[in-house]
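Here's the structure we're looking at; comments come further down.
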């Protein structure tokens, strides 16, 4: 099989695959929206606001999934030094932050009617918030270190350390939340989900995953091209710098 | 003259925007810091609602001051400061421009992020508006006073913490009036007007005085 | 081997003690920080008593993390790191020694200053003991986890803030268990034992894991 | 317009590094400062640039229509490059051109692009300085001399890290500056082949 | 014991800076690396010191009783001085002596005080490095070569900022090192008068 890790091969692969994936994503999204608004029943106690769930839950799932993808890429950077892994890492961070933010935003939009407040420091909500902050920190690291290779290695280590830490954080946040008297009578995860809700939910989850894959591929491609451009300019500059030297060089 | 100042201003913004500028770090630090507090004080919404303005203001205070360490140090280390001193532009003006650019790139974003996070701290609409306004007029004082500390420690390679130590005590007035202007609970606008006015006064005073202190500190530091 | 490590340890202590080492800065920062909270939240003693441990722990957390920026950066910039890498001593050990020295000179003082300040925050005797103990076993974890951030940002001049941003989320467990171990109010010792034990476990885990992450980050950063 | 230095004393860390130092430089004159490490070469240049206070004596520009501080008519190129790593060579020079541009006209200066070209850096102009090698950075710093025209050049070990080609290029630029009535004070450990340059040997 | 470099490739920022570079140095050999700015001199030295990973090829010490990584038998003196400004010259050297001291004995090294003396710094031994001048600092850095005896010296522009006396002194030290069967790889823009040294000219 072709070595997909080779950026050039990857680029050609993307060129061929991307249109199909994009089309599939759009299709699934349309189906999902149709199911949500015409098939799925309104919840008897939550009313129409339950429809937020179809955006909220997939976002929540993806926020974790993307971190896993990013950690895998981080391993690629450190162990195999693949430039492709670098790009995959860098491209994943903002996407992860975006999906996590959607989860937070929809969640609190949902929380307003449900709890009468935008936010409660519920265990699960809070750990999602921490995940969001970790994404932001990694983005800050990426843009703080100028030289791409070095940034990739630093980010990779912080990503993996974060991966090790996330379970500990989840555990301690739960502990913290149960320690104090429950913040609110409502808990996240409302009524048991009916089958008629489950189908659109799963469709939306799949659509969201594909959406991520599409955006990720695009971002990786752009990152690879950006790096190539940088490298080529520097290279060209030096080739042009050399003759100027050779001309004036004293004969040895 | 004007051209030189404009060039200086553009340069600062460019440096902040470029990869390596890390202008956003301050905003993220603010978010992380504000998010840390509930883990310490517990998830009690009433309590959080009560100390919310304090949390927001302290978070802004720290992320503003701690972000100042490179304000002059970078120019000092790479020799830019020496060359600027050989220019005809009065150092005071250069300082003013640098502070303005720094406020624009680091402090102003906080003013917009703070209310968002205020929601998580159970602040109601009125309180959010107050926090935002108080931060808007208060942060310039923080940046300018902080700049004095940054200039005094310009030749030391261990900036951030030391600047905060020097400057935090001086910023206590800003903090007090800022929090009491932002302080939710006091419904009537009068209680807001007074501290708010004082806050503006503090910022204007800093604007008038700080540049000279900064310039003096930089000149001595350069020797 | 042992000799080299000992020399390294002595060197770190010397640098910290010398003028410009600024080992005391962290402690002062802690004091200033803990002192401005009352100004922000207001002089309500009950409130202060309630959030006292939280304030102390947050102040310690910040002064520990923000003091880490020069831990490896100084050696990186003046080339010492390069030369150390050419030595026979495994970098992991050097890292461990440096962290130990740093903890000794910056974190340990806080452990002793904190209870003093606890008095000002209306903490009773039992609470003070708990705060001190929790800080004593918790701070090593902070230093070690923070060191990872310091190593990852070693090539950056503008370290401090970014380190805090990277590391603060990771230190949330330490903060949670630290505060609840220190947490005044819960009288019975059982409520203390559990978080305290977990705190020790966290520090040990950091001790076992962090040096490798740090060494890796430094090696990659040096390229 | 002459640069007059009359028995200047400079102290650093409480020690007299320079004492009773005097000289006069007329347009077209170059002064090459040599001496062992720690003799005070850099100190002298920083004092001329107005970056160090004088413990005694005076440094004056004589013959300018209105008395000027030396620092405002002098270029100072020290050990540090005074360029931002994240900005391109062009951006750095453009900034210095704008901020060092002098009111009282003087000879017309080069555009940043021209200055870089005449330092053999034309193709490097749009790269961030951070990816340049030691000598390339040094050349960007020296190009500053050309983008704002100032009569006095204060150069601290200008040849450091320059390759052969760049060294000859800098030599030519210095000679041209002198021919146009400029003044140069340069500290060096090597040799600067400036015809009829005066030499000042500092000792401890 | 020989230093064998067989077609080494080093990439920086994703670009090949060195490619297909090979040479062998036997005891007593010196290699002088020259080339324009940005040719890769510093890169080569850092790679030899094990501070940069090789994209291809290998660097090996052949003939040592048990195979050693080059970095453990080499002194690396780069652009940076690797000395703490707040410590005295003596303290800095003492630290390096302790931390670079090698297990497998080798020739006996000098004491820090002796090393400073033989670099003409005895009077400055107890001053904090921060008050030393550029060249004085450089000399403290170079004194590190003498306090721990290692067969291979990797020197990046060693003569920078040194005054005439110090340059000759360093020259003598390098020759002595070669006579004792040492190996030297030095990058320079100037000339190092090492008899029968080999030259490597790097191009872009």
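For clarity, chains are labelled A, B, C, D and E in written order, and residue numbers in each chain start from 1.
What we mean here is this: contacts are C-beta pairs under 8 Å (C-beta built on N, C-alpha and C of every residue); 3 or more make two chains touch, one makes a residue touch a chain.
Just so we're clear, the structure is a prediction, and the values are computed from it rather than from any experiment.
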item	value
Intersection of the contact lists for chain C and chain E	A
Interface composition of copies chain B and chain C: same or different, split at half	same
A-C compared against A-D, more contacting pairs	A-C
Most remote chain, CA-based centroid, reference being chain D	A
Interchain centroid distance [CA atoms averaged], chain A/chain D, Å	52
Gap in Å, rounded to a whole number, between the CA centres of chain D and chain C	46
Centroid spacing, where centroids are CA-atom means, of chain B and chain C in whole angstrom	25
Centre-of-Cα separation between chain B and chain A, whole angstrom	32
Numbers and ranges of chain B residues touching at least 2 other chains	18-22, 25, 28, 32, 39, 42, 74, 77
Multi-chain contact sites of chain D, meaning residues that touch two or more partners	79, 85-86, 128, 130-131, 136, 163-165
Interface hub residues of chain A, defined as touching at least two other chains	130, 133, 136-137, 140, 144-147, 149, 173, 176, 179, 234, 241, 245
Every chain pair in contact, whichever chains are involved	A-B, A-C, A-D, A-E, B-C, B-D, C-E, D-E
Contact footprint of chain C on chain E as seen in their complex	46, 49-53, 71-72, 74-76, 78-87, 91, 94-96, 98-103, 128, 144
Chain C residues touching chain E - in the complex, by the definition given at the top	1, 3-4, 6-8, 10-11, 14-15, 18-21, 74, 77-80, 82-89, 222-223
Residue numbers on chain E that touch chain A, as the complex places them	13-15, 36-38, 199, 201, 203-204
Interface residues, chain A side, partner chain E - complex	83, 147-149, 227, 230-231, 234-235, 238-239, 241-242, 245-246, 252
Of all residues in chain A, those that touch chain D in their complex	146-147, 233-234, 236-237, 240-241, 244-245, 247-250
